[in-house]
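The structures come next, written out as structure tokens.
In what comes next, subunit A is part of two complexes: it sits with subunit B in the first one and with subunit C in the second one.
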Partner chain A sequence: MTTSFTRSDLLLPLPPPASLVGPWGWARANLFSSPLQALLTLVGGYIAVLAIWTFVDFTVIRAVWTGADRDACLDDKVGRSVGACWPFVWAKFGQFMYGFYPVEERWRVNLTYGAAIALLVPLLIPSVPQKPLNAVLFFGAFPILAFNLLYGGSIINPWLSVGGWLAILGGLALVAGYLMSRVEGPPNVVFLQWGGAAIAVGTLLLLLVRTGLFADPALPIVETRQWGGLLVTLVVATTGIVAALPIGVALALGRRSKMPIIRLLSVAVIELVRGVPLITVLFFATYMLPLFLERSPDAMVRVLVGVSVFSGAYMAETIRGGLQAIPKGQFEGAMALGLNYPRMMSLIVMPQALKLVIPGIVNAFIGLFKDTTLVSIVAIFDLLGGIRAGFTDPQWASPVTLYTGFAFAGIIYFAFCYFMSRYSIFVENRLNTGRRR
Partner chain B sequence: MANMTDGTLPARATDAPKVAFFNDPKTRSLIFQGLALALLVFVIFTAVTNAVTNLRNQNIAGGFGFLDQTAGFGISQTPIPWSESMSYGRAFLIGLLNTLLVAIVGIFFATLLGFVVGVARLSPNWVISKIAYWYVEVIRNLPLLFQILFWYLAVLASMPTPRNSHSLFGLFFANQRGITVPRPIFETGSGSIGIALVIGIVAAFAVRSWAFKRQAATGQQFPVAASMAGLILGLPILAYVVAGMPVSFDYAQQGRFNLTGGMTLIPEFVALTLALVAYTAAFIGEIVRAGIQAVSYGQTEAGRSLGLPEGRILNLVVVPQALRVIIPPLTSQYLNLAKNSSLAVGIGYPDMVSVGGTILNQTGQAIEIIAMWMGCYLTISIVTSIFMNWYNQRIALVER
Partner chain C sequence: MQKCGVFGVNVPDDGAFWVPAKDNKSTTFRVGKAATMKRIVSTLALGAALGFSATAALAQAPSTLRNIQNKGFVQCGVSQGLAGFSQPDSAGNWTGLDVDFCRALAAAIFNDPSKVRFSPLSAKDRFTALQSGEVDVLSRNSTWTIQRDTSLGLNFAGINYYDGQGFLVRKSLNVKSARELSGASVCVQTGTTTELNVADFFRANNLKYEPVVFATADETIKAYDSGRCDVFTTDASGLYAERVKLAKPDDHVVLPEIISKEPLGPVVRHGDDQWFDLVKWTHFAMITAEELNITKANLDQMLQSTNPEIRRVLGVEGNFGEALGLSRDWVVRIVRHVGNYAEIFDRNVGPSTRLGISRGLNALWTKGGLQYAPPIR
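Up next, the complex of A and B:
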């Protein structure tokens, strides 16, 4: 008689071998999978620990936190091996942040930062509504406000002149529209009336500026020579990126235009600027621009022009990438609806293209933020230039001053750039809906 | 437009709709281009007029005549002989050579380090890939000028005095004045080594293509790598021995206060090269990683199912496909490195911008100097692009 046995209950799965799970299993798989890997892990781990330890040891553990002058940071005065000399940074903090901006006027810089944050943060958070208004405020109104606050002068006049010029330009456009409508059919008199009114208002505003009625209240003027430190870094980077967008859009459209001369000019500008280093563009702006103009502009203005043209050319290529990603059907659809070129571009194509290239724009901004350090070569003191100038102060001359300055500048630059690159990745993932699961 | 607004359609398709002349795309494009051209001419005319007036006021003569004048300043690194009584033109040429030197050395080492970083980021070893990740993050998020100054001021300046130089095997010395390496002395007959090297390289590639053809035709394999290495290394060594060992080295001697002999790389060169290599390698590393990740894992699996060993899968399947993705962005990194070498002016390495800037300050010939800079950089950019485009075409996927 044969007996058979069939298991009646299910055998529970055995736990995986202890060597494959838990921290030990993870370590075996990722750190010590072979003798070579184990060696690499040990050597790499040693280097990593050494690097982190050196940094932490210097900036925190051995650092000196308070003091009045170099004596606080000299080994033999303190009686131990000294790390970072933070009192040096505290003492020079105003200079690193504002340059030689007068102390009693520094609230203006802080107010500008505050306004920038108040406008920029909602612009960067996708869920906050009213994006178009926000963008107009940031890209349109904020530059005027920032100029007014940072440079000084009459508080009302800049707004009046910008408003006046805008009204005159809009009026001229309306009059041109009227003239066109006259050729095509019954003249559209409303255009002429509104256009005339706008030009009149604009002229009136500009005349008001001329009369000097609104010269007061005014903020004391702070010449750009007195600007410095992080202020200059941020001014140059922000101006560069704000100006780069319109320049980039114009050049990108020009490069894709069917008109040969326009295309040729755009390609020439883009390739010429992209083919040379920023420093030669800055030299061009600093030394050649004054020769080509009747009156030499302010040194800061020259640098800003150079940086804007430079970043505009790079931005053009970024935007062109976005334009190329828009399917032809979008253009054809817009044309089928009877939209003319400006409307097709501004209502259909550009909103989609610009949205696609937001990560590219943020990356361009990171690049520009880093490149602002070059302005110190043409004698404008940005954060790095200011810190370098701080090294020469005999009151703080000590063996660790140099390293402290580098640590401080490095932390600031890294914090800014790292945050921006995280944001760029965040936007990329948000836009990348096709790949999201 | 006119037809659309009044609601009538043209009777037949052949009847061209009547439009105002400025709504005709052809006329319109002509008008726009004419305006653009007129604006350009106006801008150039104004600029030139102003420039002529301004230059006359500053008593600066235009043209490149100043290049023949005596320069009268010293240059710290001179690949070709230089003395202060030589001309501005030669000074600028030395600057250009120095730029090329740092760019070529930088590109070579940045490519090596970049590939290492890119592969390390994909390493299965957690520690290695994290180190590579943070290397890339830290380096990419710090300005290049900051890094150059850091290497120059913080690292190299903390080197010992020549008296207490760090030394490696007594051959290489590092101190505040730079890095000293043995200087090769070429005697008569050493030219044959160079010739042998060229012949070796040509022969190696000839053998390679012959071996591939034979393998394709007959299936027989040939030790390609070993024979190429043998030809490229062996022939020059053979020539060296046959020609009677014409190359000797001048080794640096540790003196009482200073090093004598050898060849010293100036600290500016060392700092600039290190910073450019470290910076560009971080970007190249990301490009390499993206390129390797772009090759789908199915390719590796297909290679395995064909029975290829792992090394050959990498060599024959993954790398050729990854290179297609890697080369175009790699080209722009090479161009960036060449352009970034202009930051040399920040630490006084005598490159084209630095030397040119000195000439500019001495003579005031801003237009000419800036035109020469731009011309040189554009030429470097174009030559590099042409070479890399040629290489890219060679490795590109051939479709139909």
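Up next, the complex of A and C:
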């Protein structure tokens, strides 16, 4: 008699075939899934290995690390094929970082960098508390502090001047508010009183500056003409980046405004500035403006204004792209809730629009960071300009000096741009909860 | 006549209309009626052409020297880096032949060679910077040509370096003269007079050549070094500076032929003859000092000299400095702080430097060169 065997439990699953797991399986699935894929993998891999090997070979393996002058970097003198000539960079390092900034004052630049990092890093990390205070310190107080340190002169006066002008502007706004309240109903006298007081305080502060009472304590003045190297690159890029966003938002909103004059002006500014190369803007600001003005502002200020307006105009179009993507219902919903224009924009529309265009914004920032090298055409030596000037020094002229300098510039630019790019991806992921796939 | 270079408009300028009243009150009233009329007419014409803006620019124009004395330094346009002529050293100090000329100006005016500020200018915008008043003087290896001297509204104040275009070849080619270069490929920077000079030279001598052009000097020398062409050509001073960038400088030789004239010198704007004179005579003073063998080292002995010529130059007798708007010891100041022409040349580009350029055309006229200064008397 035969008893039929019935299996009462399931077989244990077999492990997947060896060809599908482990590194080999991963490679088969992702790199060699078809003949074409295999070919592309091999070609791409070859190019990647070649590029990385060339770079590492030049900058590390064959590089020269110490030396006093060009003799250290000559094949004949060293007795082998020489790669990067790093002693050239060490010798010129101060030049590349600070330009002609006086050696004994360079601590001021380092201190500025320190303050910037101390304020910026907590601002960039979401979990650190006290964001509003931090933002006020970074965007409000830090520029004045940086001016104090980098430019020099009286330490107290810049604070008084900025405070004075802010008080006067605020006071004028309050007076305007009083005048408007008179039109609408019973006049709000408190506005007038506070406004008057603010204007008085502001005027007093400005007068204090005028008296020269606080001319001391002061740091020796280092004129912007003496700034150079990475310092100039960072000053121009940071100013451009920080100014671009507010200018861009204002111009983007202006361009979509229903008020014809504002719309026309915004369109005119955007199209005019975008229609002209940055070099032209800088050239005009530096060499043409002094012809028209009796007293023209400092060369660096002219460049900063030019770069800010330029980056602002580009930013406006990026942001406008974000605004176009917001459905009409969002605007109507906000209005139905009874929000006025500023609130609708700041609470409903802008947060969504800006979130959408983060890649575009960061794209513009990275472009701007690298465009700062154009300032070297207007007699300001930025990082790249300083490095190029270093090439001409006969003490360091060697066949590899040129490549070394450009490799160094490339590494620095890459470090900054890569950081910006990674941070933008981090922010995108954080904000993109609704659309993440 | 005052020429506003960028716009090319001529405006009469005796200092009257354009000078702020406090500077030059007396001349304002000395102007005759006809002249006044002429001024008014041209003012109107100018106003129509340029608007309100130009008057502001012209108001600063008259006395460059007074302007410099007020601000306390000379603003000097130099190159963005040319070995031996103007380049920042590792500590960030400018050095070079062109730079020392600016220091000599500062020494003559302020008795302090450090009262000078340098604007590193590219070849493109050097003349614009001078015309717009961004710099007081341009000392930036600029070739004196008729076009620049006239239609650009500039004045060349002398020639502090006689340059000319030359050729660099490999020794292994066994070429002794540029006339043996038929059929050669020539590495040259595009858009320069260099490129045109090569074309002229080879055509005039009925030789064939193949130009290989590049945008920048760095690319050009790299291409030559890697063997893309047989010949590298640029100004002779540049040949020496570029040769040290080669892998094996000693395997290359500069051919004797110089195929063009490149007289380099300091440049000023049209319209201020006093400043033009001052710059011109600063250059002549350094030549004269070399001619009379007045050096930094023996200056104090020379001040005791009985030679009437030396006494005149050093301001012991006569007072020629005053006519330039300077003090009578202006030459003493130049030599004490900067040195005579030979000292400057040897220090920056001479045989003991890495460039190792011999005096050649830049020797004094008494030694077979071209450097010659009118007498100081």
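Operating definition for what follows: the second predicted complex is superposed on the first by the 372 of 437 C-alpha atoms of A that agree within 3 Å, B and C clash if a C-alpha of one lies under 4 Å from a C-alpha of the other, contacts with A are read in each partner's own complex, and residues count from 1 in each chain.
Following the convention adopted for this analysis, contacts are C-beta pairs under 8 Å (C-beta built on N, C-alpha and C of every residue); 3 or more make two chains touch, one makes a residue touch a chain.
Just so it is clear, the structure is predicted and the values come from calculations on it, not from any experiment.
Undergrad: Fit or clash for subunit B plus subunit C once both are placed on subunit A?
TA: Taken together on subunit A, subunit C would clash with subunit B, as the superposition shows.
Undergrad: Is A:Gln95 touching the first partner subunit B, the second partner subunit C, both, or neither of them?
TA: second
Undergrad: Which holds for A:Arg70: it touches subunit B only (first), subunit C only (second), both, or neither?
TA: In the superposition, A:Arg70 touches subunit C alone.
Undergrad: Mind telling me which of the two, subunit B or subunit C, contacts the most residues of subunit A?
TA: Counting contacted residues of subunit A, the larger count belongs to B.
Undergrad: Name the contact category of A:Arg388: first (subunit B only), second (subunit C only), both, or neither.
TA: So A:Arg388 meets both subunit B and subunit C here.
Undergrad: Pick one for A:Ala409: touches subunit B only (first), subunit C only (second), both, or neither.
TA: first
Undergrad: Of the two partner chains, subunit B (first) and subunit C (second), which one does A:Pro246 touch, if any: first, second, both, or neither?
TA: After superposition on chain A, A:Pro246 lies in contact with neither partner.
Undergrad: Once the structures are superposed on A, label A:Gly114 by its partner contacts, choosing first (subunit B), second (subunit C), both or neither.
TA: neither
Undergrad: When the two structures are overlaid on chain A, which partner does A:Ile377 contact: first (subunit B), second (subunit C), both, or neither?
TA: In the superposition, A:Ile377 touches subunit B and subunit C alike.
Undergrad: Would you check which partner chain A:Glu294 touches, where first means subunit B only, second means subunit C only, and both and neither mean what they say?
TA: Both partners, subunit B and subunit C.
Undergrad: Examine A:Phe284 and indicate which partner it touches, taking first as subunit B and second as subunit C; both and neither are also allowed.
TA: Touch partner of A:Phe284: subunit B, not subunit C.
Undergrad: Return the residues of subunit A at which the contacts from subunit B and from subunit C coincide.
TA: Touching subunit B in the first complex and subunit C in the second, residues 283, 287-288, 290-294, 376-377, 388, 391, 402 of subunit A appear in both lists.
Undergrad: Given the complex with subunit A, which residues does subunit C contribute to the contact?
TA: Those residues of subunit C that touch subunit A are 6, 53-54, 56-57, 59-60, 77, 80-84, 87-92, 117, 119-122, 124-125, 128-129, 132-134, 218, 222, 225, 241, 244-248, 353-355.
Undergrad: Taking the touch rule as given, give the residues of subunit A at its contact with subunit C in the complex, in rising order.
TA: Of all residues in subunit A, those touching subunit C are 70, 74-76, 91-92, 94-95, 98-101, 103, 225, 283, 286-288, 290-294, 376-379, 381, 385, 388-395, 397-399, 401-402.
Undergrad: Of all residues in subunit A, which touch subunit B in the complex?
TA: These residues of subunit A touch subunit B: 29-31, 33, 37, 40-41, 44-45, 47-48, 180, 183-185, 258-262, 265, 272, 275-280, 283-284, 287-288, 290-294, 338, 366, 369-374, 376-377, 384, 388, 391, 402-403, 406, 409-410, 413-414, 417-418, 421.
Undergrad: Please name which positions on subunit B make contact with subunit A in the complex.
TA: That would be residues 1-2, 4-6, 20, 22-23, 29, 32-33, 36-37, 40, 46-47, 50-51, 54-55, 123-128, 130-131, 137-138, 140-146, 149-150, 153-154, 157, 339-340, 342-343, 345-346, 353, 357, 360, 366-367, 370, 373-374, 377-378, 381-382 of subunit B.
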